[in-house]
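Below you'll find the structures, each written out as structure tokens.
Look at the two complexes coming up: subunit A is in both, with subunit B in one and subunit C in the other.
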Partner chain A sequence: MTTTRASSETLYWIAITFVLFPILTAVGIFLRTVQAGGLPGLQSWFYPLMTLHGVGMVGVWYVAAMAAVSDRLSRYVSPSPLMGRIALAGTLLGVALLLVCVFAGRFAAGWYFLYPLPFKGEWPQWAAVTFLLAMTVLGATWLLWSLDLLRAIAARYSLSQALAWHYLAGRSEPELPPAVLITTVSLIAAVAALLSGVVLLVLFYVELLAGTASDPLLMKNLTFFFGHTLVNLTLYLGIALVYDLLPVYAGRPWKTNRIVATSWNCVLLIVLFAYFHHMYMDFVQPGALQAIGQIASYASAIPAAVVTIFGALLLTYRTRMRWNLGSTLIFLALAGWAIGGVGAVIDSTISANVRLHNTLWVPAHFHTYFLAGVVFMVIGYFYHRCQELTDLPENRSVQRLAVLLMVIGAYGFFAMFYLAGAYSVPRRYAIYPAELAFGAKYAGAAAAFAATFLLGFILYLAETGKRWLRVVRPGQ
Partner chain B sequence: MSRTRRRAAGLVLAGAVVAGVAPRLAAAATTRPNAAQVARAESRLGGRTVPDIPVTLADGRRVQLADLWRDGPLLLTFYYRRCTGTCTPFLEWVRDAVQAAGGLGSDYHVLALTFDDSETTADLRAQAAALRLLATPDWDFAVAAQADVARVAAAVDFGYRLDPATLQYDHDSLLIGIDRGRVVRALFGTPEGNDRLRELVWELRGVFLPVYRVPGNTLLRCFRFDARSGRVRLDWGLFLLVLPGVGAICLALLMFAGAGPYRRVRLTGPGAAPTPGRQ
Partner chain C sequence: MRRIASLVVAIWLTAAGVAHAEGGAAAEGESLFSAKCTACHSIGGGARVGPDLQGVTARRSHEWLARFIAAPDQLIAAKDPIVVELLGQYNQIAMPNLGLTEDEVGKVIAYLAESGTAPPAAAPRPAVSPMAEPELLAPQSTILVLFLALTAVITIVFAAVASSTRAPAAVDVERAYALRRVLFFTGVTVVTALLVATIPLAPYVTADARADRVVYVAARQYDFVFSDEPITSAADLAQVPRISHLEIPAGTLVEFRVTSLDVTHGFGLYGPERQIIAQTQAMPGYFNRLLLRLDAPAQYHVFCLEYCASGHHLMRADLTVK
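The block that comes next holds the complex of A and B.
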């Protein structure tokens, strides 16, 4: 096994993730506690903190996944260290602006700031402007970062090679690591999503400066093109890590072949249309686009998921798998992807969405594939990386306990969302009215499960943190 | 340009942006709500039940409103004959717009209800004659008891108030599409052009319209409803939805094509080998 030196940016990204994630998780626990009827004096903070939790989690895991993939791909290609530093600085500036608008301005339009809400809330206008500036800084930084990683891939592979088209033509030379294929697919789609964010922000600024209103339907389409696609691609970046790491632990290669190439090229073709499923309740969206939304949701998720999960099972079947904190989390992440994916496919079915739209089923499915999918993939990689660099002895009992607490906490937390969603408890209610009082019980249980998860994460942090410290300060 | 000049230009630009934003923010809060209020007022009326009151028509018949909407949808508007303001121009606009939209008689008929209960059937006929509608069978003019008119007006948020000084009514202009006693769509004021009335007529015909009113000037829309043909057409806003996808593909093509001549490692063998020097 070859070990590459971790760049200082990667170590910074790991530290930033380890600081921000528990804080944002605590914010999430606060939200469910308020919904359970607790902390009555802090109820007015529900929506500003919901905004922070949403934008924060989406942002943290996009940059964490990008950092992890950049680090892993540096085995094959050469991302620019300067761009890595710019991404770090831009993200920190964006986060600072976000904190200002939430804590000083109480901006509370939610993580996808659906038009025209930023201009209509009770917060001061400067808070909305600061939020839009934060989105601009983050979007521009991530666009440049994505383009740089694409450039690095382009410096080594042609486009047809990077997209594995030679496998589709029946040739297996030159050999292409699946991680490069998946990252190329994800980055091209990420550039589209981020460009959509640019168009969206330009329209916001046009209204701000020239007073010319925008078409709400256009703005909602752009919002979900940007937001949904970016979240989707965060997951795919995590899967690129899985393809590259599982073989390390299984001791078997996991190579690109025609099936893998076909499924991921399908993703590139279709993932940009999947967001239409967010528009099912918008009667002004033509019916044809709604049908495309359902088909694209199925087609962008199922082939890649089936191929990857079956591939992973075949890879690990009857092999001397080396289980540790990293490999266990990465393997469990595939289960999170599958379970959350089924929840997502159900929700993207028009006849089911009529019942489930804007209920807690929606956060149920995206928390499943984000927390038990992306988060497990990325923190699994971070552990793997820190362990690879230090080779410290592993405390199996602590690692098993950390995984157990995180799994029980996470799935208990999801179950409360799914059950409440199935009983039509709406999302984004700070306080449940009398008719929905039973939603508070689910919220209380969810807060307890989330705290259990956080406890498990702290144990994970202790295990990974000491390895990170050893990398940063080798003498200690 | 020297560095000092560039700095000065930057400061001026930043100042202009700040100076431009502040008044816009204030203006945005004060100018837009009017149009928004109208759109909100119209959308609030959708689905409301209109009271079934007795009315007297210009030919002297006494009927219930339900008798008029039983045979098909009804386009209802309010006026009073002595009005020196908008009533006659508004009725003229309704007459012309209805004629342009088509379907009068076959798809709906029109009732102009006076809210001045002192008017007689002779006044109704005079108003119809003034509008050259006396011989039009699907246009009716009607008068009703003050309390009954007030019930209908209250049900559809139509405001009117007698000014004792001028003996003129201070009132809105309102056109309501009614199907089986329920409001299908309402238009406050005189809509610019005839398209909004055409949309109302399409709805009275039972056609679902996937459009909504956006207050103020809208930069770009995804789709446009062609009120003449009754079809939904793509609009320029849709270009903005296609742009990111096309832009991303173009950027990827450019990036990979541009890197081609400088590609350091030609992959003739296994490509999974790590980049030299980065092990």
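The block that comes next holds the complex of A and C.
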């Protein structure tokens, strides 16, 4: 396969990710340190920085995954370079607004800013308005970016082809790379999620400008349809990368067939209904929707486990695998997805959710499939891309150490969440009450594990960063 | 729009002359205090999100109190030295504007003055020493063991596949596809069985369900108010009798009807083992019905399980089953 040139936007996105991710990780370590009883003088920053950490991480990995997929798919389709630059500028503007409202206004409504909290916190109203503007800029930018990538796909494939319906009919021409199928599925759902975000923001503005209050139950449904779906799709964008990349290292093909096509078309339906599991503890939500939430959440595990993960393992099994930093991270990412998925499916059982809802079990499972899943997928791709473009000699010892530290750090960090969550320690508590004071012990250990992860990431950065620099400045 | 913790009052400074209001004004002030201030302040009950206001009218001048209660943001913006000191003591959590008229501010101060010399309204919550984790309840333990077991299986499978790449060989794809079919039908069967077995265990109450006792719960930043009558607005707080300490006979089938007066909160009921035994959300405009039988005599705790801003981790209530 030929190596395509990386666009300047891709190189910018890689740099932005490499700067923002360690900073936001450090913010996360700060949060766990405060919960452990450290830094008492900075405790009042816990909730504003919790908001920054949440919005920041969700945003960074959505754009990083979009950037990676856009770059990879440029082998098959032609995303607009102009739209790439608009996405970059819009994202930077949104981040700037976010920083202003958090650091100057101490805005602290959390990453999903559950209505009507943005209007009823301790922060000044301008901070809430600035936050909503930030979400508007980011949402509109990402909506346009998603639509442009869909446009690029539509320029080469009809909708039925991009959704691989001809495979369902028994035909395999034109051949459709799985990455294109998965990206199409993901972006169709992403557009629905982002439109839900637009409606949500409009209702916030209506209240702000006209004083017309909205229904909290409706707003919560819109919030989680938007938030849950977007996070879920970020992961699927990472899976698109896996489908396209793993064969490169395994030396075996991984093509679209009827099973893969059926699986991802099912995902398109399932992913739109799984968000109901966020509403289980809202007992006034119609019972049928609660049941649909559990059914959809369970159903999503079948195509994930039986098709994608099984397929990846089959592709890897007894092959002459070329292991390096990129392929190792991508392989481990599938394990992270699977383990986090188990935690999520357990939590999506209504009768278990009663014991787990809004405990530390929730950040436990989403950190597992986010940090050890999508983050590993995307940084694996970024390493692969930089290595592909430079072909520098690989320092296997440093790469192994980087992976080892990241894996030990990440899974130790997750374990503290899972254990504390099982003991009913609530999430999002700056300080634990005496009855749950043991939560501080888990928080302290989690901070140490997260610092270990960060150390591993810095080693990763050293390996990938020098390749990125070589691409940017070929003469040096 | 800054909320306070710092006080309703930063109220304090020395000064003299604190007003003595008429009995009627103080009574109205009590209602206002109850509706607007008790989420963050007590009178003689100890510091909460903001300071304990007992004796505040002896510590601060009437003029200063009136200015601060009426427009805290102005004193905050002016970096008033008392406010700066209070913000430092209370984690920079600023008092919000309460929207009180000048007359209402006077009534609140009258109530504060009258209460300042009275015995504490409530005994301070006894200090509780940090506690070690208890033994896991059976449901939580089952969840954790199941998760760890499945994680172990996944880890072993991935490790085995990674290890297999040391001895490359051709793979019989047809056998692999046969295995996939087995996995698919096994997966569908297990998922279906689990759905059938667990969905009926959902904690939702049917419309005709009847409890031995109904307790209304109004959540607000940052406390829970218990009552035998519905509280649907802040105005109700002054008119509906509250239950100062909720006691429930062991074995009672209780229905908590939970709502919120401001933002969404979580009503997380922790049993004697300090783990969640039931929960529901507290959402403005809705009553969520949580029905359960409380059998074990003990102190139970309610913690807020939906993030609700800076006092979230302080938002709690206790109840006794005896």
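By our rule, the second predicted complex is superposed on the first by the 474 of 476 C-alpha atoms of A that agree within 3 Å, B and C clash if a C-alpha of one lies under 4 Å from a C-alpha of the other, contacts with A are read in each partner's own complex, and residues count from 1 in each chain.
The working rule: a residue touches a chain if its C-beta (ideal position, glycine included) is under 8 Å from a C-beta of that chain, and two chains touch if they have at least 3 such contacts.
No experiment lies behind these values; they were computed from the predicted model shown.
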{"item": "Overlay on subunit A: subunit C relative to subunit B, clash or fit", "value": "clash"}
{"item": "Partner chain in contact with A:222 - subunit B first, subunit C second, else both or neither", "value": "first"}
{"item": "Which superposed partner A:473 touches (first subunit B, second subunit C, both, neither)", "value": "neither"}
{"item": "First (subunit B), second (subunit C), both or neither touched by A:342", "value": "second"}
{"item": "Touching partner for A:358 - first (subunit B), second (subunit C), both, neither", "value": "second"}
{"item": "Touched partner set for A:150, first subunit B, second subunit C, both or neither", "value": "first"}
{"item": "Contacts of A:210 with subunit B and subunit C, given as first, second, both or neither", "value": "first"}
{"item": "Most subunit A residues touched (candidates subunit B, subunit C)", "value": "C"}
{"item": "Contacts of A:302 with subunit B and subunit C, given as first, second, both or neither", "value": "second"}
{"item": "Clash with subunit B (superposed arrangement) - responsible stretch of subunit C out of 26-34, 224-232, 296-304 or 314-322", "value": "224-232"}
{"item": "Intersection of the subunit A residues that touch subunit B with those that touch subunit C", "value": "119, 125, 215-217, 283-284"}
{"item": "Touch list for subunit C against partner subunit A, complex", "value": "1-5, 73, 91-94, 96, 127-134, 136-137, 139-141, 143-144, 146-147, 150-151, 154-155, 157-158, 161-162, 164-165, 167-171, 173, 176, 180, 183-184, 187-188, 191, 194-195, 198-199, 201-205, 221, 262-264, 266, 268, 270, 274-276, 278-281, 283-290, 301, 303-310, 312-313, 316"}
{"item": "Residues of subunit A touching subunit B in the complex", "value": "2-4, 74-78, 119, 125, 129, 147, 150-151, 154-159, 161-162, 173-177, 188-189, 191-196, 198-199, 203, 206-218, 221-222, 225, 255, 272, 283-286"}
{"item": "Footprint of subunit A on subunit B - complex, ascending", "value": "20-21, 24-25, 27-28, 31-32, 210-212, 214-223, 232, 237-238, 240-241, 243-245, 247-249, 251-253, 255-260, 262-265, 267-272, 274-275, 278-279"}
{"item": "Touching residues on subunit A, where the partner in the complex is subunit C", "value": "43-44, 47, 106, 108-110, 114-117, 119-125, 215-217, 220, 259, 280-284, 287, 290-291, 294-295, 298-299, 301-302, 305-306, 310, 313-314, 316-321, 323, 331-332, 334-335, 338-339, 342-343, 346, 349-352, 354-359, 418-419, 422-424, 426-438, 440"}
